[in-house]
Amino acid sequence: MKHYSQVAGEISQYSDLPFWKKAGTTDLAYVAYGLFVVTLVLVSYALGALKLLPYDPQQISIGLLNAPPGSGGHLLGTDFLGRDILSRLIVGIQAYFLPGLLAIAISLSLGTALGVVAGYRGGSADPLISYFNDLVDSFPRLVLILLVIAAFKPDIYYVMAVVGVTGVPGVASLIAGKIRFLRQKNFIEAASVLGLPTHVIILKHILWYNCRTLLIIGATLGMGEAILIETSLSYLGFGVQEPTPSWGNMVQAGANYFLQGKFWPSTAPALAILFTILGFHLLGDGLNNILEGKRNK
Amino acid sequence: MTAPPLLKIENLRTYFYSRSKQAFIRSVDGVSLQIARGETLGVVGESGSGKTITALSILGLISAGPGVISGKIGLRTDTIQKNLLQDLEMYVTLGQRDGKIMDVAKDEAGWRENAERIMGRLRGKEIAMIFQSPKSSLNPFVSIGNQITEAIRLHTSAKDLKGAKERAIYWLERVKIDSPRLRFESYSYGLSGGMCQRAMIAMALSAEPSLLIADEPTTGLDATIQSKIVDLLAELKSEFGVTTLLISHDISVISRLSGSVAVMYGGTVVEYGPARDVLSAGFAPKHPYTGALLASVPSARNIQQKAYLQVIEGEVLDTINLPRGCRFYARCNRVTEAIRKKCAGDEPDLREISPGHHVRCWLYFE
Amino acid sequence: MTRTSLVVLLSLATALTVPAGSQAESKKDGRSDGGILGYGEYGRPATLDPITSNEMISVRITELVFNGLVAIDEKQEIVPDLAERWEASKDGRTYAFFLRKDVTWHPKEGEEARPFTADDVVFTYNIMMHPKTITPLKVRYEFIEKVEKLGDDAVQFTLKRPILNALAKFSFKVIPKHGPSNPLYLTREDPFVQHPIGTGPYILRNITADREVILVANEKYLRGRPHIDKFIAKPFADQNIMSQALMFNAIDMIVLVNPRDLPEIQGDKRFVLQPYNALSYAFFSYNLRNPLLADKRVRRAFTHAVNREEMLEAFFNKQGTIISGPFAPGSWAYNLDVQPLPFDPQRAIALLNEAGFTPGPDGVMQKDGKKLSLSLKVPIEKESEAVKRVVLAFQNYLKNVGVAVRVEFKEWQAWKADVFLEHNFDIILASWVFDDSADISSLFHSAEIGAWKNNFGGYSNPEVDGLIVESKLTLDHEKRRTINRKLHALLADEAPYTFLWTLTNYSAYHKKVRRVAIHPYKFFSFADEWFVPESEQK
Amino acid sequence: MRPAAIRPIALALSREIALTALLLLGVSFVVFLILYLSPGDPFSVLLEGQTVGDASRAGIREALGAPRAWYAQYLSWLGNMLKGNFGTSIRTGLPVFGEIVRVGLNTLTLTLGSLLITLCIAVPIALHAAVRGDTALSWPLTMLAYVVSALPVFWLGYLVIYVFIHRFGLFPLISGSSAAQEHAWLYFMVPIAVLGIGNGTVSEVIRYLRDEMSRVMAEDYIRTARAKGGSVWRHAFKEGLLIPVTEIIASKIPFILGGAVIVEQVFNWPGMGRMAWQAAQDRDFPVIMGIAMVAAAFVRLGSLLQSLVYAAVNPRGPQE
C-alpha cells in the first residue's frame, strides 16, 4: 500500500522543497550512516593526532599477549605484543587517511583529465586512453605493487600511488562515457553554440553539473578500495609496517591466531574495515540516488 | 449513434505525484469520451493538456505512481466486452477535501497484477498504439521486420515464422515502404523518421486491432513527411475502417482525419462533438479555448480574410495548481461581466448544447 | 624463520670408523613394510638434485634419494654407505674408497637399473667443481686436489693438504654418470635436476602440478627396502593452513612446526612433537663501521638491556636455550663455561655512561651531541610475526635504557643488498644455520669483510683471526677444541653480536609413524628405518 | 548468425588482435623496467644461502651466458618470446611456458568460477531491484552483498575455514591436487566461493547492473514492446543485461586476478597468482614476464568477448 497525499491546497509555483525532503528515506539513511562513519573516521583521526587514547598504542606488555577483550582493562583485548587493540584501532585509521586521499587525488585528477580528453576530443585520443587502461589492467595489481615496493621501499605512500595510478582508467572511462552521453544529447554542441568558452563548458557544465556525483562516488569507493588493498598487502607482509598500526596489519597479525580460536585480535579490525567500507559504499549510493534524483521519477 | 460505442471512457482520473512540491499533478482529471465503431475520434489540445496520458491510461502503460486512480474504460469488440478497470477500484482509496482529491492510497502491486491480467490479452491485439518519436520507439537491437513479425506471431493466426515474415513484408508494403524485403532486415538507426513511423504503423496494424491509438503520429517529422503520413493514415482508415483514437495538437491533422473531436484543456474535456461543429471556423457556439486554438492555426479561410493569427494569451495551465473556477478563466478573452463571478467561482460541467455537441463553458448556460 | 636463516655449509666429524657389514635385500628387523607418509613443507622445492639445490626443502628430499660414500649415523659417527671400506694414507693426503658392488641406480622408466661404479664418483666430483656449475658445495671441496679411479669399484682422492676430519666430507651425495644430459656441468635447465636418479631409499616417482613430490620405496636399497611405501612432500603457502592440514589428516607430518602452533598440537593426543636440535642460533648483528657501535661497551650494554629469557618464554614457549657465544650449541666447540650476559638494565646504562653517553633532554642517550639512535633492518616475510615480536621487543628494551631504534622492514632482496653489499645498516636480526660444523671463520675473520661475504658487521680483530687460522690448521681434535673454547670466550666478551638463542625445532607427526629418528640438518637421514604398523596403515 | 553481423565481428576481432599485440609489448616492457629498477640480481637466487664472494657472483652470468645490459636482456627475451620460447625459470630451471599453462588453468578455473558466483549473486538482486525498486526482498540481499564485499578476503577465507571446516567439518580440508579424499571437489568449491563473494566487487556489480537495467526499462522502445503485448524482458535483454554483464566480466577479470594472488595462498591453490608472487620475490624475470604476458592476454580475452558481443548485438558495430 503506497500512500500519496497533498498537504496544501494552493501550491506556490516556484519554491521547491530542499533535496533532503524529496529524497527517499532509504537514501537518507544511507547517507546518514555514511556521514556517521566519515565523522567517526575524522574523530578517531583527531583523537589519534591529539594522543587522546586509552593506552599508548605502542606500549608492549609481554605478559599479556593476545589477551581477550576486557582483560587488564583493555576493552578490545590486546594483540600479539600485548598492545591495546582499541588504541591501535583508533590510531590505525591514520595509516589510510592521507595515503588514501593521495590515491584518490591521483586517480580522480588524472582520470578526469584523461576522461575529458577522451570524451571531449574523442577520436584520436581515445585509443591511447584505452591502451593505457588495458596496460594498467593487464597485470595483477598486487604483484605490480610488490615490484614497486621492492624497487623503492615498503611505504604505504608508494603503495597508494600505485593504487591511484591503477585507479585512473576506471575514472577516465566513467567520465568519458558520461561526456559521450552528453554529446549524443547534443548538450555540448548547444553549449558551444551559446558561445561559452571551452574551459567553462568542461569545468562548469560537464564536470560540475554532470559529473560531480560520479566523482563523489569515485572518491568514496576509492577510499574503501585503498583500505582493502592495504589489507591484502598486509597479508603478504607488504602493507603498513610495524610498529605503525594499520587495520590491515592488525587483521593479518591477529589472523595467525584465528584458527586457534583466538578471534578478537583480527575480528575487531576486520569489523572496523567492514563497517567503514560499508559506510563509504552506502554514502556513495545514497548521494548518487539523491543528487541524480533516482527513485523520484 | 445507435450502436454501442467501441470504447467508452467515463470519468477517468490519472494523477501523478510531485515529491518536490508534495502535490498531485492532475494530468487527467475526470475525462469521459467514447468512440463508435469505425469512427475516428480526434483529441486536440496544447501539450500538457493530458491527451497522451489519457491514451497511456487506456493501455495501462502508466508506470509512475499513483497513476490511474478512478474511472471506467469500457471496451466492446466482437470478442470481448469489459471494463478495463474492472474491480481495480478496490486497490485505491481516495480522500477528498472541498471537492478535490487530496489523498490517494494505492496498492500498486495489487493493481499492477490485476491490470496486467486484464490488459495482457488486449495490448497489441485489441488495442494497438503508435507513438510520437518513432525512432526511439523502435528497438534499436532488432530489425524492424522482426519486430513486426513478432507482433504478428503474437496476435494473429500466422504463428509459423515463414508465414509471419511474409505477412510482415506485406504490411511493410501496405505502409508504402519501398523494397520491403530489403527493409525487412534494416534497423531503426538506418531509417528516416518517416520510415520509422510507417514501420510503427505497420507493426500496430499488422495485429489487426479493433482500436488504434495514434499519439501525435506526425509530430517531429518534417512537413512533407507529415502530410505523407497523414495521407497514409487516411488511406488505411478508408481501407480497413479501423477505429482510431487520434491524438494531436495539430488541428489540421485532426480535422483531416476525425469524425468527431474532443478538445482537452488542463486534464479535462472542454468541448466534444462532431468535427464539423467543433472545428467549423464559423460562429457556431463553441468553447473560447477552441476558438482560440482555431484562430491560432493558419487555415485557408484565415488567410483569405487576411485575418491575423492570434496567439493564446497566458501560459498553459500546470495541473498542479487548479483554480477554483473554470480552468481556462485566467486566459479566457470572452468573459462577460455577467458571468465573471461564476467563471471565477466554480467549474462548469460539460453540457450538450446541440445534438452530440458538448461544451464546458458558462457562456452557454442560462 | 625460514628466510632470515643464512645457511653456512661447513663440515665436521668425530673420527671413528666402523667396519662395514653388507646387508641383504630387505630389512630383517620384523617391522612391517607399507603405509604412506605425506609431510608438509612451507614453500616449494626448486631443484631436487644434491648439487644445484640450495634450500632446506630440497636438501631434505635429496637425503631420501641419494647416498654419499660415507654416512653419519644417529650417534654422529661415520659409517659406510656407498663405500664399504676406506684407507687413509699415513700423511693423511690420500683417501681410497672401496665401493660396494651390489648397488644399482634407480631405474629410469622402461630401462634396466644401471650398476653404481667408480666412474659415477669421479663424475660427481668433476661436475661439482666445474666452473659453470653453480653449487654451494664447491667451497667445501676446494681442499681436494684430484680424484682418480682405481678400478670399477675403487676411487682415490688426493688432498691439497691434510685436514682434520676429512673423512666426514666424503658424505657428499653421488649422482650417476648417466643422469645429467650435459656430461660436463650441471645447470638448473638440465632435466636431471627435476627428475634425479639416485641410489637412496626412495625413488622419485613424479612431481604434480602443485610441485608435490612423490617418492616410492626403493626395493633394492643398499640397507634393505625402507619400511614406508611412499613419501609425499606437500608444499604449503600458508603455515596456518599447513597445521590445519595436519589436524585434519591431510598430511601426516610437519617438518618444522611454527612455534605459535605448538600449544595446539601439544594438546592433541594423535600427534607426536619431536624436538631436534638444529645447529642454528639467532642474533642481532651490529655494524662496527658505525663509530657508535665500534665501542665494545655499547654492544655489551645492548646485550645487557635485552631480556632474552622473557622473550624466549613469551614468544617461543621456552622452546630453546639462551646462548653466550658464536658456536652452535650442541656442537663440541661450544664453551659451556661461558655464561650469557645477564639481563641488567642498570648495568647497561652504567656501561653506556662509561662509554661517554649521557641521557639527553628527550631521554635518548647522547655523546657530544650525537644521539644514540640506530636503524634496525629486518627483511619482510609472510607470517613472520615471530620476527616482528623479537624486533619490536628489542626496540622496547633498548628504549628503556635510552637507546632509540628505528625498525625498518625491507623486501628480502633489498634487505640482502643492504646488508651484504652496501653494508648500509646499524643492526640486523638474523640467524645462522650450521649443517654439522664448528667453523665460524667466514663469520668473524677479517678476511671475510667485503661484498657478499658473511662478516657483514665488519668485525676485525687480529686475535680472533689468529685463533681461527690456528684452529683450522691444527690436526688434533682436542687441541682444536681448546682453541675454539678460547675463541668462544673471546667473542662472547667482544659481543660483535648480541647472541640470542637456539630454538628447539619441533617436528610434528601422526603417532602411527614409529621409530622416527631425525637428523638435525638433513632431517631424513634415517627415514628408511621409520615404519607404520600394519594395523594403522589404513 | 546473420551474414549482416559477420563483418563487424570480423572487424572487431582484427582490431582486438592488433591491440593485444601492442599491449603485450607495452606490458612486457613496463614490467621489465620495474624489475630492473628493483634491487637484487635475479641470479642471486641461485646463491641463496651460500658463502661466495662478489667474484663468483659476477661469474654466474658468464656461466649462464646471460647478457649484462638490461636492454640486451629484454631484447633477447623478446626475441625468444616471438619465437614462442618464454625461456626457463631461473629458480627451478623449468620451461616457463609449460609451467604457466599448467597453473594458469587452475587460476582460470578459480577466476572464472568466482566471477560466475559473483554474477549469480548480483544479477537476480539487480534485476529485482531494477524492476520493483527496493523491496522487502531485494533490500536485505543488497545489504548483505555490500557487507560481504567489504570484508578482507583472506580473513573471510580463515573465517570460512574455521566455521565450515574446523567447527562443523562440512568440507574436507585437503591440500594440493594429489588428495584422494572423497568429496574433494567440495574443497575446491570453497576458495571459488570465497573469492566470488569476497572479491570486493559484488556491491559494485549489483549497482551497475541495477542502474543499467532500470535505465533501459525507461526507454521508449520498451514502452512500445509493452504496448504491443510483447515480452519486456525479451526486448530489454540485450541492452539491459547482456551488454552490461559482458562489460562487467571484461572489467572485473583483472581485479579478480589480483584477488587470486591472496586466495591461492590461503587455500593452497596451485595457481598463477602464487607463482607470480614467488617469482616476484626471486626476481625470476622469465617467469614474471611470462605471467605478465598470460595475464594480459587473459584480460584482453575479456574485452575481446565484450567487443565481440557488442558487435554481434549492436547493428551499429563496435563504436557507438
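Brief remarks follow.
For reference, chains read A, B, C and D in written order, and residue numbers begin at 1 within each chain.
We take it that a residue touches a chain if its C-beta (ideal position, glycine included) is under 8 Å from a C-beta of that chain, and two chains touch if they have at least 3 such contacts.
Predicted model, so just to flag it, every value in this text is computed and none were measured.
Pairs B-D and C-D differ in how many C-beta pairs touch across them, and the larger number is found at C-D. Comparing the centres of all chains, each the average of its CA atoms, the largest separation from subunit C belongs to B. Chain-level centrality, scored on Cα centres against the all-protein Cα centre, points to D. For this pair, subunit B with subunit D, the centres built from the Cα atoms lie 54 Å apart.
The mean-CA centres of subunit B and subunit C are about 92 angstrom from one another, to the nearest whole unit. Here the spacing of subunit C and subunit D, counted between their Cα centres, is 40 Å. Inter-chain spacing, taken between the CA centroids of subunit A and subunit C, is 48 Å.
Subunit C has residues 240, 244, 382, 411, 413-414 in contact with two or more other chains. Counting only residues that touch two or more partner chains, subunit D has 38-40, 158, 161, 166, 265-266, 281.
Touching two or more other chains at once is no residue of subunit B. Here, these are the chain pairs in contact: A-B, A-C, A-D, B-D, C-D. If you check the complex, the residues on subunit B that touch subunit D are 59, 61, 120-125, 128-129, 131, 133, 136-143, 150-151, 154-155, 185, 187, 189-190, 200, 203-204, 207.
Residues 15, 17, 19-24, 64-66, 95, 97-98, 100, 102-108, 318, 320-321 of subunit B are the ones that touch subunit A when the two sit in their complex.
Contact residues of subunit A toward subunit C in the complex are 60, 62-63, 65, 80-81, 146, 149-150, 153-154, 235-238, 241-243, 253, 255-260. On the side of subunit D, the complex with subunit A involves touching residues 19, 22-23, 26-27, 30-31, 34-35, 37-40, 133-134, 139, 146-147, 150-155, 158-159, 161-162, 166, 200, 203-204, 207, 218, 251, 254-255, 257-262, 265-266, 273, 276-277, 280-281, 288, 291-292, 295-296, 299-300, 303, 320.
Those residues of subunit A that touch subunit B in the complex are listed here as 1-11, 13, 16-17, 21-22, 296-297.
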